[in-house]
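What follows is a set of structures for review.
In what comes next, chain A is part of two complexes: it sits with chain B in the first one and with chain C in the second one.
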Partner chain A sequence: MSGRAFWSQVKEIARKDLLIEGRAGEALFITIPFGAVALMLIPLAIGTDKPLLAQVGPGMFLAVALLFGMLIAFRQTAADTPPQKELLTLLGTDPAAQFVGRMAASTLLLLIFEAVLAPVTVILYNPGRIPRWPWLLLVMFLLALGLALVGTLAGSVTAGLRTRNTLTPLLVAPLSMPLLLASAQVVEALRKEASILLWITLLATMNLTIAVIGVVTARPLEESSR
Partner chain B sequence: MRQRSHQALNVLAVLAIGLGFTFAALAPAERTQGDFAKIMFVHVPSAWLAFLAFGVTLVGGVVWLVKKSPLADRIAASSAEVGVFFTALALMTGMIWGYPVWGTFWDWGDARMMSTAIMFFVYLGYLALRRSIPDPETRAKRSAVLGIIAFVQVPLVYFSVTLFRTLHQGTTVVRPDAPIDPEFLRALMINLGAFTLVYLAFTSWRTRLARLEDELEESEALSDFDIAGSGITAPQLGEVTGDV
Partner chain C sequence: MPVLRGIDLRIDPGEVVGIVGPNGSGKSTLLRILATLLRPTDGSVSVLGSRTGSEGILAARSGIALLGHHPGLWGELTLEENLTFVARMAGASTDGVAAALEQVGLGGAKQRRADHSSHGMQRRVEFARVLLIKPQLLLLDEAHAGLDRAAQMLVNVTVSDVRRRGGAVVLVSHEPDRMLPLVDRTYHLDGGTLLSNGQAP
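Entry: the complex of A and B
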């Protein structure tokens, strides 16, 4: 398959997932408000000590982004029904293109999720100005990409299983921990005005590794879900 | 013959563990930690064996994807189970050692502890996935992929002591200038050998058990399978009576 045909399939798969999401609103109208509610619940649970909240705010944003981002990454509306799978197979869609397209749609939704939750965190927790904060935009992108990769891959591994809804979070949460750790370390390093190169490299390497595994194993996973 | 070699491996593993524990008991007490340091003779081999076990799961998964060999899948699954056991052992012995030496069972700032716990949960997920899929081929295929992804955790755990500021001791034994007493090192190496034999014994028995489970599943599936036409019985002349 030519590169152009591959990317055209990627575009169509991503478009299809976004269209379904647009109609169902699972991520935008359910998970995002749910995430915002979670950010409001935490101060109620740990107390309203303002310096403490300012200190933990970025960490809470990352934790909520990870936990609720998982729900977006393996949302029910992104799971193909058996007739949809059969249609994609009959059309000769490359499984790797399906993986990349689905992952691209999830990344976009996760970026929207983070873009909504970041100002909510700033308003609720007032974390103060973090030096060199524009770097956080890169971290948010890498976190969204990583979560989308892990979520899409885990979604393919658990596709069609009765235990999908409970098993997928068990797979995604620990596999995403390095993403959370590295992102939290970037925030810490920025606050201390230290180098963030190591953590950015770790995030990028982790994403690249999972992307390669996802593309290479897309076909056997697609075959196993038929 | 195979049964005998399995039993010989068991006996060898038990003898080696006995020898390892004897050397551990006779090893000198550490200067600052005293006898508490001797828990390392269980902790360090357990952690290393967990890495080895998960490495075998990775290789087994790759072999299955390439050759579709059921044996590779069984070895991968068995090794993951044994790896989870060794990871739990490493975590528990680490916590037992941590309480008298660090003053706490669990230290949130310790990257090695945290990453090991995460690795433990990743492989628990692997085992949960296997239990969720009844079809052997689908199970093998999907768990092979997960076994490959899960292995990403292993280098992270290994390098966590150099990547993060952590309480955990850095790389010691494999360093060329290893600051470790030769007698202590000898006892550690004997225990490492003993634990490796235990790993081999556990994995080979679990692989054998997995084969028996597969055979049982297969025979049960066959017994449930009706032969075409078995639902039809031949007409019995005796049943056709004068009711007509």
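Entry: the complex of A and C
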């Protein structure tokens, strides 16, 4: 398959997934409001302890982004039924293009999720001005990309398994923990005005590794899921 | 326990072959093997010049269409969007989408979501897909099931279209009456074994 045909398939898969999500509203109308509600729970529990809220705010944002973000990355509307999978196979769809397209759609949805959650966090927790805060935008992007990659890879591995719903969290949890830890460490390093290079490199390396694994294993996983 | 045993079958371009047999005789399994979606545990299968398991089969797959019991449609997409997606994924032109939907009698329902459409309408979209992507090998599993009389005519139209273009068609059914007028040869499959050797109907 030529590079142009590959990227054309990636674009079509991503467009289809976003169109379906836009109509089903699983991520945008269900997960995002619940994520915002989850962010409200801690201020309700802590009360008016403003320094404590400011301290835990970024961590709460990352935890909610991780927990609810996985629901977006592993949403039901992104899972194809057996007839749909067979149709894609017989249309000559490259499984790697499916992986990249699905991951791209999930990344966009996760970025929207984070973009809604970030101002909610600022309003509820008032974390104050974090030095060099524009770096946080890169962290948010790398976190969204990482969650999308982990969710899409877990979806590929468990496709066609009866134990899919049980097995997926077991796969996702260990892979997503380094993303959460590295993101939290970047925030902490920014606050202390320390170097963030190590943690940004860790996030980027982890994303790249999962991306390579996802692309390379896409075809064997697709073949074995039938 | 093997589902199919001792199958020796050759289908040439332009041929329409029927396979009849009772439920559980292995018809759908045979069809899925021909579609390269299942790999036989023993023996070999060559489809459109490529052997199953080889690199060439990946390219050959785009010349195969399988119409099974459940339509491969995305419920949240409209009938037109489903066909447009299929055309783009297959690298085909989307110019013929509207015409294909007209041809199967769905011109007025193209903006309807697939999950808001009846099973019969969804099956019609499948036939529109075949007319649009023009496969070289068409595999029909119980093609007439769940279709009204008008839609059943679509089976004939679609089979004729593929045959006219030099493609091959395999129809499987446990009700041979509606299938026999369309086929050049018929095989009887029972217990995973072909009992007859491609008789003319």
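Keep this in mind: the second predicted complex is superposed on the first by the 221 of 226 C-alpha atoms of A that agree within 3 Å, B and C clash if a C-alpha of one lies under 4 Å from a C-alpha of the other, contacts with A are read in each partner's own complex, and residues count from 1 in each chain.
Note that in this section a residue touches a chain if its C-beta (ideal position, glycine included) is under 8 Å from a C-beta of that chain, and two chains touch if they have at least 3 such contacts.
Source: prediction; values computed, not measured.
Considered on the superposed chain A, chain B and chain C are sterically compatible, since they fit side by side.
Shared-chain residue A:177: touches chain B; no touch with chain C.
In the superposition on chain A, A:77 makes contact with chain C only, not with chain B. Looking at the shared chain after the overlay, A:210 reaches chain B, while chain C stays out of its contact range. Across the overlaid complexes, the C-alpha centre of chain A sees chain B and chain C at an angle of 90°, to the nearest 10.
Considering which of chain B and chain C touches more of chain A, the answer is B. Contacts of A:153 after superposition: chain B is touched, whereas chain C is not reached. Legend: residue contacts after superposition of the two complexes on their common chain; A:5 is shown touching chain C, with no touch to chain B. Distance between chain B and chain C in the overlay is 5 Å (nearest C-alpha pair, rounded to whole angstrom).
Those residues of chain A that touch chain C in the complex are listed here as 5, 8-9, 12, 16, 19-20, 23-24, 77, 81-84, 86-93, 226.
Here chain B touches chain A in the complex through residues 65, 114-115, 118-119, 121-122, 124-125, 128-129, 132-133, 137-138, 141-142, 144-146, 148-150, 152-153, 156, 163-164, going by the rule given at the top. Touching chain A in their complex are the following residues of chain C: 35, 37-38, 58-59, 61-62, 64-66, 68, 70-74, 76-77, 81, 85-86, 88-91, 113, 133.
Contact residues of chain A toward chain B in the complex are 153, 156-158, 161-163, 167, 170-171, 173-175, 177-178, 181, 185, 198, 202, 206, 209-210, 213, 217, 220-221, 223-225.
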